[in-house]
């Protein structure tokens, strides 16, 4: 039942995303004792023009 | 004011999504007495490579 | 796998929340053909001072 | 550390989104005293067929 | 219809939260031209033990 | 910048939550190469009466 959402900038490879789901699931099961088959992981990829820090978007950084 | 978000794998037809919004709104209004015009429904479609269960992504299932 | 989140003001009874989960799950399964045991529903209750519409919080409405 | 998410229908210009991130960050820092470099803003754009109000999707409105 | 969610550490005063909703709504309407009565703002307050940066929770910072 | 949200039933100890933040951050940095100080982890604890699977809430399971 733990539902994990990872929001990150787009651009990672398919292999990186495969490993991310695997390793995040391990991190959750090993620390919360939730069974792995109850853990969902959702990756939400953001475009640089849709993410900003300190008022400046990633797409506008010089 | 109830704000409903439905995250699901991409691939449903436009007609299925139309019905989903209608039926979910009915379910919320009939049980919470919130007026229908206050209910928002957001559908968030996920790519198979961005959703995993038990550490394995939908795109990697055999 | 559909993950449904319902954000609404606090104050509904336990019975209303029980029915909400049941009816929303039915709405999702009947329109998307997702099996019921794959559907998760999360209720997130908001305090009136933490929700605003048109710039005015529910707790400040006269 | 304030994390702001803005879900809105797709269609705004790049300039509108640039200003949105800037002005929302200012609004958060001026009212919560959080330092600007701790404020993240995420824009999530919705397709009209994936957003509904009162049971009717934006794409089905006549 | 823009739905804004602000996740931040608990501890702000009621007055700060009132102003936050007001100013964030202004920021959204002035940059996206969405009418104010379509803008929802949700504040989600986090306990220090439930938020971490660089692997360390706010409650564990020395 | 990766923002991770973990929604899970309430009831874990403070130590479990400390380790969860640490291990999830490691999982994200090791697979995405995002620097640790850019990774935020938010834990959202759910009451059993606010989470349901297959139409039945955790609080109603027999």
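General observations
Each chain gets a letter, A, B, C, D, E and F, in the order it is written, and its residues are counted from 1.
The definition used in the following text is that a residue touches a chain if its C-beta (ideal position, glycine included) is under 8 Å from a C-beta of that chain, and two chains touch if they have at least 3 such contacts.
The chain list, named the UniProt way, goes like this: A, B, C, D, E, F = Tautomerase.
Just so it is clear, the model here is predicted, and its values are computed rather than measured.
By count of C-beta pairs in contact, B-C exceeds the other of the chain pairs A-C and B-C. Residues touching across the chain D and chain E pair largely coincide in numbering: over half of the numbers involved belong to both copies.
Of all the chains, the one whose CA centre sits at the greatest distance from that of chain B is E. Chain centres here are Cα averages; for chain E and chain F they lie 20 Å apart. Centre-to-centre separation between chain A and chain F, using Cα means, comes to 12 Å.
Chain B and chain E have CA centres that are 24 Å apart. Contact with two or more other chains is made by residues 1, 3, 7, 26, 40, 42, 51, 53 of chain B.
Contacts between chains form some other arrangement here, matching none of path, ring, star or all-to-all.
Chains touching one another, given as pairs, are A-B, A-C, A-D, A-F, B-C, B-D, B-E, C-E, C-F, D-E, D-F, E-F. For chain C in complex with chain F, the touching residues are 14, 17-18, 21-22, 25-26, 36-37, 39-45. Partner chain F is touched in their complex by these residues of chain A: 1-9, 12, 16, 19-20, 23-24, 26-28, 30-34, 51, 53, 58.
Residue ranges on chain D touching chain B, taken from their complex, read 7, 46, 49-57, 59-60. Chain D meets chain F in the complex at residues 1, 3, 40, 42.
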